[in-house]
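A, B, C, D and E label the chains in the order they appear, each numbered from 1.
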């Protein structure tokens, strides 16, 4: 089985007044079909930049080097025109901050429909049905009505689910999920994770899953990449990373996980 | 000449032309006229300015008219509908006219003494009679007579038979035939023209009638078949049609005339702008120009009721101090203006050419010192903000600076200018303005400007507000003369007499430069119509073109 | 001592459909609770259950459709002018969507100085230094004080929001998913900071979160919301230990956990 | 609720038009020069002025005149007496002091010209302005951006009348690609019609196109920086759709505001352009009437312009709440 | 993060240094300073060249040809550095210098005043909505309903002479602000609903602070465009009004008047138009470039 996504020695550089700054430094990982790679790491360590680099959506001025191959074709340096056909269809992304990532001028329904129609064509009515279905899939209450709501009319978690629904509507080969469940309560989160796992199996979808919730990673990822300050500090199978972490930082991370059954700090309670 | 106050420099004269435009015109074709603004009124009782008076002659006929031809020919009074220029009796107080035969209106009805009476009485209508004031000024009429529409027939005009009309005047008026050449003495079929009917659909008596008229946009004239050439010895009426285009920008007109695209070869424009003067110097273009005086005087009135202008020496000093060459430069240079010396412009009959106050700042200083104004004073000068007038004002300001008179320029909006300066209560020390005679004689120039008894609280034209017994008396004496020629000569002398008092500073006589299409023929400037091309004679050289 | 008391807060949203048809939706339904001085009340619950809306109402950013709000013994339901200013000085908010709540045209420094500005507070050592100190406290590089929000990662932006809330010395901080985008180590650091402030300065918190483990660590009392209502409210011990409501139980059951086998192996190695 | 809002606004429109009427009336009938003096001409007496006053109805008290005017608009009125009597049917805006024409007829005559000028120019400047602004924003910093914005700047610093004459000089006099404009109706000769209106369109559109392109550019650049633009791109939409739907709507919403105003104002006549090109529109009529102090015409032009602007603003407000959903919800 | 610690003292210093490194910004500033200097030193310039702004020099023009200046390039010579006006031969340099005083003063103050009024009232309307909005909007409707040019003429011609430039500024601003205010209001209405405004409110921002500190910076792009373009617009308005006789009183020179009166001469004496036109264009260009660069410098933050 050939790998779906191969990232090799990826570096992302931003120019600043004090000279260029590397925010991602030589990151390499692969995502196979029907596989989930989890990325964890410090906040600001370059997780989002890595995924944006894969999508070819880095902010203006950012430079990249290394190699990103999707299904064997190199993505870096490809003209936007060709990347565009892949985006949404072959690879799609759930962004971290849902409110600012949704266009406030349009109903969420339209924003889902347009993506579907861009790749699959068809009538508006058909696309709308797909959008309602997608919203139902992510457990949004009253999808028929909510499809005509504007982003600001949703709660944080609901917006996040809208983003998920949108990313999935064309059943992409590769899904990059940047903290897709942070705003979701655990029950909904569990449902979404189940949904994603189902899709992965069903369609052989590869997935990059960025989260801070190590428990979530442990339950869905086959391989885990740990990042810190733009560098890749550890990369291995989930079992290896969680059971036998090699790097101090990984260990430290695993140590800091708050646990529901941990004894609670007595001082505060007093 | 010159009615609407806003268009002060209005009527006048011009010199003849030679070459292209002067060549004889052939019959037929359409003469096109490019104009900035539409005519004020097609109803001759309402309109009264150089431009529209010239136009009226194409569609209307009167008892008398100005002759056709360059120079003095154009100011000569000749009979039109009448067989002669009238027979005075009762010492010039009663005038009898006989009509020619075979005269018809556009609608086929005959032009008879009734229609003459009716047409004349229209100028008493409060609504229609806003044009030339001469009907009301001269004709004897019942007090409070309000025109034919409200008060019926004007009984004081007698019509003993179809061909004879007898007028009774308020007082003797030797120049009555000249006054009759004005368009408000136009006959009309009895009962027509109520309201503003003639402003859109006039009833023609002349060689042309209105074919179509879109206000502000265009006016087309076509031949009037009811006009019989044999009854009219003056109008050449060569073209088959005239077409006006109104509302054009002056700069655009100049460009069009220079470029001569398409039918613009058959076109006539208004006087060119100063900026265009240099461009018409090329021989092939210069050949297409006509140039001459517009028959008006541009002057600065000095308000003699204000101190220190009440002192004749101060007024004389100002006359000496102003360098008229800079004034002429400001008006566009020698091509567009000539230095002003006397009150009356050169086109007026009987005018004497003299220069009482040649440029002499030393003399001015001396006079001011005598008057105790050696240190100068401040003078407020009213002017209009149009570029030409502004340039004149600045030239005056510049000139008076050297005799320590500080000129404050007070710009008054063009639309209100004449109202303000014509209201003695609002008038300042001095004002730049102009005057054009209604016909080429001192009778319509000096009395309105200098008769002290004409000073009114509103609409005053005696800007100097001079009320000099000697002048007033002389005006009455000349008015009583029955010999028009002698009267004109007397006005020439009166001009000198007035300038001794220096109530005004004659600044310049404006000139026109007319650029016509290369196919225009029979064109000359008429001294009776502000130097405009005489429309009754103009035509095309090659009408088929 | 009660710091804040919410009584029967209700929020109804009226939205118009495309044809102008009105639809009313009760987002928060008769919610009552109190926050005591120096305590942390956690609000957990279903996504879209009205947590953020409740937070907005108690922060007086949105008028309740019904109900009353009392702060420090004073009725502030309709507070205006000086009373409102007093309230604002004492109550700060950390928003759920990190980027949308930061003015894109202001530098971080300015964002952090703004509350001081607005409340006319001049800290010792100057406001600029204060801003830098705040950045350090939440684990941001103070050298980045002149950057704009768009130049930060999601977690960093969230920390800017937290730092802003702490810029003045409030009595109550309302944290709407304030730590959801932070990696566990930074999260621990921030939670420790919050707790320290509570210990030292007696801050109270209304802490909205999905991560029950975090809630467990920080909250003395917990409110569980579902469908606009508080379904359970009690001591953390009790809610986590012996949940009464079905929904609470579902919630607790759905908490993801790291494969215990891996965890065990890792701990053994230590 | 929308219906009530619109009804309320319409009431305001009427009130504002009434106020505009009143102010215009006061300003032009009291502060302005006496038209009788202008009509009266050179050899004028107080008597004749009084006579003209009576004819024009200026001898009546101001308020009577004002309400006569208002009444005339809704019910028509009679002018003159005896054989001179004319009935002026509603909507009666009176008769021009200068030409005696019915002002309503004058307006109806000229409105099509002004509307043609305004609509043509608006289409042109919207197309050019927005396209250029959009392109500049997308290619921010490139030579295209610099050139286009430099041109936009140049274009907006050239006064209308200068541009008009320069265009005429170049296109008509020098290159002779266009004839001198003459306002013929479309039906008469579509080619000449188009050629004649082309220059006025260009002249009017230039200034606006410059403004709009710069505004579009600024707003689009702001919008492009938004996170949701990244989302749109992530969906693999065509750049055209991305731009048109996601960038333009937020960027153009504020531009819609000024477009409404600019367009409405133009319908009231483009004073300078119409004058320069000799187009017989409302603007030229306004210029002429000011020059001649023709108060009834000034009143009519003012009212007409006011009407368009007020209605234009109403439309903008309604459209604005449609354009931005966040505003719609909170506009209680 | 892995960057050497280096702390620029203030954002102002950073912006200044960024501007100093920008050629466009430096050139623009230089040009604007030149113009201001010229305006201030106008009498000095006149004294040095020996030509006042209203001194006729009929020797410099050909009075027989309608007054075209002698020599090529509109009479540019050692005597008249920028040539002379056709017809009366006034020195263009002197008139440009004196004209800068009037034109720039009027245009700049009118721009400042309209911007001030437009921004403040527009933002208040957009922010408060409700009756404040209604009130301000109705006033705007009312003011905009008047065809501005017609009314400026009517009002200016009936106002007492007084201080013309001041009157002009007042009248222009009075009719000008609603245009800007409407745009500002619209954008404010959108911005008010953004979450960061809510955040500022929660931080205790007063209404004034919300409006001016939080929302205003987000209006910057539109404002820069509209204000820089307002300047030539007002120079044009001033010219138009002056031409119609209600603006500054001749012979006081102003750029607008010069451009207006040069229009007719474009074919014979193009320099007459090119010089004041060029000055106006460069001034506006400089202002826009400076505005753009300023915004860029502010926006840049640390990056690029």
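Operating definition for what follows: a residue touches a chain if its C-beta (ideal position, glycine included) is under 8 Å from a C-beta of that chain, and two chains touch if they have at least 3 such contacts.
To keep track of the chains, here are their UniProt names: A, C = Peptide/nickel transport system ATP-binding protein; D, E = Peptide/nickel transport system permease protein.
Just so it is clear, the model here is predicted, and its values are computed rather than measured.
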Longest centre-to-centre distance from chain C, chain (CA-based): B
Which of A-C and B-E has more C-beta contact pairs: A-C
Innermost chain by mean C-alpha position: D
Averaged-CA centre spacing for the pair chain E and chain C, given as whole angstrom: 48
Distance between chain centroids, defined by C-alpha means - chain D, chain E (Å): 23
Computed distance of Cα centres, chain C from chain B, in Å: 89
Rounded Å distance, chain C centre to chain D centre (Cα mean): 53
Multi-chain contact residues (two or more partners), chain C: 15, 97, 99-100, 104, 150
Multi-chain contact sites of chain E, meaning residues that touch two or more partners: 1, 3, 6, 14, 153, 157, 193, 195, 263, 267, 302-303
Sites on chain A at which at least two other chains make contact: 44, 97, 99-100, 152-153
Interfacial residue positions of chain E with respect to chain C in the complex: 1, 3, 5-8, 11, 14, 194-196, 198-206, 209, 213-214, 217-218, 220, 299, 301-303
Parts of chain B lying in touch with chain E, wherever the complex brings them together: 250-251, 273-279, 281, 325-326, 328-330, 332-336, 384-387, 390-391, 393-395, 397-398, 409-416
Chain D-touching residues of chain E, taken from the complex the two chains share: 129, 137-138, 140-142, 144-147, 149-151, 153-155, 157-158, 179, 182-183, 185-187, 189-190, 192-193, 221-222, 224-226, 229, 232-233, 236, 239-240, 256, 259-260, 263, 266-267, 273, 277, 280-281, 284-285, 288
Residues of chain C defined as touching chain A within the complex: 13, 15, 17-18, 23, 44-53, 96-100, 150, 152-159, 176-177, 180-188, 191, 195, 198-199, 210-214, 216-218, 220, 236, 240, 250-252, 254-259, 261-263, 265-266, 269
Chain B - residues contacting chain D, complex: 2-6, 37-38, 40-41, 46, 48, 125-127, 130, 133, 137, 149-150, 194-196, 199-200, 214-217, 245-249, 251-252, 255-256, 258-259, 261-262, 264, 413-416, 418-420, 422, 435, 448, 456-461
